[in-house]
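The same subunit A turns up in both complexes below, where it pairs with subunit B and then with subunit C.
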Partner chain A sequence: MLKTKKIKQNAPVVPVLIWIGFLVGVPLIYVLALSFLSRDHLGNVVLEFTLDNYKRVVDPVYLKVFYSSFLLAALTGLITLLIGYPVAYFTANLESKKRSLAIILIILPFWISSLLRTYGWIILLGNTGLINNMLLKLNIIQQPLNMMYHFGTVLVGTTYMLIPFMIIAVFNSVGKLDRSLLEASYDLGASKWKTFFNITLPLTVPGIAGGFTLVFIPSLGMYFISDLLGGGMTIFLGNVINTQATRGRNKPLAAAFSVGMIVLVLIVLFIYSRVIRDKKEGLFL
Partner chain B sequence: MRNTKIKSILAIALSIILVFALAGCGNSGEPNGSNDQIDGNGGSKQINLMTWGGDFIPREIISQFEEKTGIKVNYKEVTSNEDMQSLLEANPDQYDLAVVTDYMVDILRQNGSLEKLDKSKLSNFSNINPVYQGNYYDENNEYSIPYAVSISFLLVNPEAVAALGADPITSYKDLWQEELKDKIVLIDWSVEIMGLVLKSLGYEYNETDPVKVAEAKEKLFELRDNIVRFETNTPEDSLINGEAVAGFMYSNQAVKGQAADEKLEPVFPEEGMPIYIDSFVMSHKAPNRDHAYEFLNFIMEPEISARISVITNFASTNSAAEEYLPEDFKNNPMLNLPDEVVENTSFYINVAEVTEEYDHIYTEFKMR
Partner chain C sequence: MQAPLLQLRTINKYYGRSHILKDISFDIMDGEFLTLLGPSGCGKTTILRCIAGLEDINSGDILLKGRSIKDLAPNKRNVNTVFQNYALFPHLNVYDNVAYGPRVKKSMSEKELRKRVADVMELVQMSGYEERMPHQLSGGQRQRIAIARALINEPDILLLDEPLGALDLKLRKYMQTELAQLQKQTKTTFVYVTHDQEEALNMSDRIVVISEGELQQMGSPREIYNTPANLFVADFIGDRNIKKVQLLEKNQEYCKVMLGRSIIDIKCSECVEGPYSTGETTILAIHMDKMRISCDEIPNSLSGEVRLIHYAGSQIRTEVDVDGEIITVVEYQRNNCDYEIGDKVSVSWEESGAVLLPMEEDAGESNA
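Entry: the complex of A and B
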């Protein structure tokens, strides 16, 4: 009796699960299967089992690509945290009307195409860009500063592109804080800073971990940013996959790299689940 | 209550961001006409065409065709030959025509994806310059009609090169001069760049001899310090804004560069250059064949062809179009390619094994 009730309760979820299972599961299986297949001299995929694609993936040259992508994603996560946390903290503590306005202002620029906003950075940072022109006019520099086409330029791009995810995640976490704990801390004589480090920060760890995950994962794949801002001088996983899936005409190799990227993401998600295991909230709660 | 309201706003806003973020990475979208308009064997007056974006087949020309014949042209923009291949081979009955680059004609015909063209329906084919016919990818001109020709060469700012104390650039070899540190822009594609290095060593494109490839690899690594950036879509911008003094790029880009800054000059390297011939091909299950033939004939009309060349900055494949070309087009060596330049060009064959090895070298080169 109890069982049928439970089934009835859960029934509406089933179509959603099937839908998600279909849209996520089928492509995933396709990619996985593809990564073990070969291709002929024309670049057509042929049904022939091989491990060569994975041998390529663990080649030292391509492992370096994994490392640079990991570094980019991790640094993007870190910088968005350092900038995003204070923004989220103060936003969450605003009175409700101002808070809604602030959130809208944070999100508004992201209604414009990401490609267009990336070009905006070129206009800003380029040799004949706004910053260089201004500094030259003010006679602060004699030669234009070389700000484009470095690892750092790409980092600026990914940070800018993904920071709202960090802000929103932390914002939610700060919003859920039990104010009475803070009051108790003040009553017991703790300073503002001490309260922050002993109460607020530990309690917002789920938000931080969630934000980090939300930022880390997409920054692995934003190849157009490294193409435009990085001038193609360094390669990231997204670039390799894009190249192999198109002009390289090696879809199986692209699939093997994608599997490698998925493993990288799973590691991050695993760490995330560890971090929030004992907390009562998280990204998916 | 207030909290949930904010949350739902956030949820909606976040999903919108996600949608935009994903859209930014995706392709340029669906064909202009939706598939449900297609009703089998040319019952409706339309054709489905797929090719590069931009104004590769100028809208002006397409409207002219639509007005003249009443046949609607659905133009799908695609960003790579490989995407066109995927689309064409997945839905051969949804596309009539595609314009793909030489090597892709070869792949598509070997895969049996192309229709042999019925020359009796192509009265204007005689206008096509024989120089651009009978190439390796279609020896007997059965499957393809050359549409646009481009080559790659160097666009150079001679004044800026001299100002750096470097010797004038006349060949690929000159790009290795120490004085040119951080001053060169290149197309971002392993096969092109390996080709450039191989040519500078006096070898041919698509070299597979491991000794020669190893030599080219070493030579490529020596070029690293001189490169300011890799850019495939708008390399000419780097010369216009001064961050580079020399660039290896496609002819239509060089034309745009020179139009923006007349100090820039083309250099046709003596070692030889790559040539690309984008050609019309027909799907072997094309639903609107007769209309497609009509379109092909229209495109090959001398006046139309001349107009296309002027708009797109691609060399004309149409001999009969010459008399309709404006003087400044005919006098521009980048657009009206001199015979000795065309003779000094060759194709990238782009076979899988070569590409794989070159990609590996290229990745190592970039990760240094």
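Entry: the complex of A and C
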């Protein structure tokens, strides 16, 4: 009796579970299983258990790849925060008509292919690009500046690509802020700056943490940006996975790297959930 | 006479094209409990925010201890606000909330601060709650912390914006007494905003009645209640029967007026000086709870027929039809007379309960 009732109650969840199972669960299990398998000399996957893939993942050469990927993602998060926070803050404080327009302008670039937008940076930064041409014509420099194919170039690309996520996340957080808290702070004698650091900033930490997560995770996998702007000079996780899965003909190794990336993401999500939980108890800052 | 603590001088405030405050002028004396009373949207909260510095004024001046503060930022004015929703900082515990003011102003050492926080926490009877977070407190407790957070700064004036609005009836009554006591104890000047006339009448030394951005009347609760300056105040404060009457005669002692077919004398010194002359239509306003119903004919009363008897708790509300005009009488007990619906009765009232007021252009809009 009771059991059938329970089944009836949970019935609407079943399609969702099947959906998630197919789209998330099955691929994840596939990747996990693949990472423990071997390949033959032609690159075909063979059903033979091995830990070799993981041994290669923790090889110092590849650990460096993890490190540079982590550095790229963390710096992208930090820079998008530093540039995006003021933008989000002022946007959220605009009157409603201007605010909607500003949000549309922030989202607008999403309507153009991200590949095209990355090529745009080559036109700007390349040796015969806009910036170099202009500086040469103005006789400020004699030799074109070598701005392409650095770690920094990739960082510019990921920052540019992902900054809207940070802006939107912080924007929502600032928008939810109770204005009377800021007024109470002024009223109690705090200047605008002190109010910002004592009230606004701590109360928008969930937005900052959310934005950071939204930026950090995709910047680990945007291999086309490091391909186009980095020219393969610095190797990131996304590139390794891409290369091993395609040209390298080593899907099990690619899967092992993917698992490594998932672990990295889980660590960030764990930190994120801790920050949010502490926020609720008011212990942060 | 002592100089006023705060002076508002012909303050005008616009939001876009709408005129929110119209030539508001009044003084606040040191140590008094002053209430700004009016219906919602009348501009009373805006006045409070102008004093706090959270709103700019378009013209006029605000003087605190004789010095203009209108161009000072809110953090430079020695006034503090208890906000309607309390506005406690949700990420700080009670101690840090209360300590916020002195800390941002760096006005005392942490050691001194601990003692001050302990003092104000005791004052609002919240000692022992220092470690709690705001969301762990009840509405009444939050309110006490909001008051403590403001009082620790020893403001010249404490501004309170409908602080009891969110509390239930019982707690509200209790907090009224508490607030009045706290005000006497700390000798702090309170400016209190409310739309609740009972709160205003119970707690205040003086009341400023405001409607549509204009000051209607200023005076002690007794003055406001008994001698309203105009129709708005008469209608807003207390429950009154408000009727148009014909002024037949006026002399040094009374005014003779006609309501329906009844002719009655209104005895009050103010009516005689009123700006209306014989033959004009004026407004008669009588407190419902200062009226009596008798079964016998009595002189100087209105005679009519009982239309409706409604028992509302301790009150008996009776509607009497006097020549087509409905007069509502509120009694707490029957006076020597058992009337039923349809009976002929006489309605009389205490002299202090009735006032005559001049007609106003928009008098038709009141519930006369």
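In this section, the second predicted complex is superposed on the first by the 262 of 285 C-alpha atoms of A that agree within 3 Å, B and C clash if a C-alpha of one lies under 4 Å from a C-alpha of the other, contacts with A are read in each partner's own complex, and residues count from 1 in each chain.
Going forward, contacts are C-beta pairs under 8 Å (C-beta built on N, C-alpha and C of every residue); 3 or more make two chains touch, one makes a residue touch a chain.
As the structure is a prediction and not an experimental result, all values here were calculated from the model.
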item	value
Which of subunit B and subunit C A:99 touches, first, second, both or neither	first
Per-residue touch tally on subunit A - higher for subunit B or for subunit C	B
Which superposed partner A:191 touches (first subunit B, second subunit C, both, neither)	second
Touching partner for A:274 - first (subunit B), second (subunit C), both, neither	neither
Touching partner for A:183 - first (subunit B), second (subunit C), both, neither	second
Subunit B versus subunit C as contact partner of A:6, first or second or both or neither	neither
Of all residues in subunit B, those that touch subunit A in their complex	2-3, 6-7, 9-10, 13-14, 16-17, 20-21, 23-25, 79-83, 107, 110-111, 182, 188-191, 227-231, 241-243, 350-353, 355-356, 359-360, 363-364, 366-367
Subunit A residues within the subunit C interface of the complex	178, 180-181, 183-191, 194, 198-199, 202-203, 279, 281-282, 284-285
Residues of subunit A touching subunit B in the complex	39-44, 56, 59, 61-62, 64-65, 68, 96, 99-100, 103-104, 107, 110-115, 126-128, 146, 148-149, 161, 164-165, 168, 171-172, 175, 218, 221-222, 224, 227, 231-235, 240, 243-250, 253
Subunit A-touching residues of subunit C, taken from the complex the two chains share	52-54, 73-75, 79-81, 83-85, 87-93, 100-101, 104-105, 133, 149-150, 153
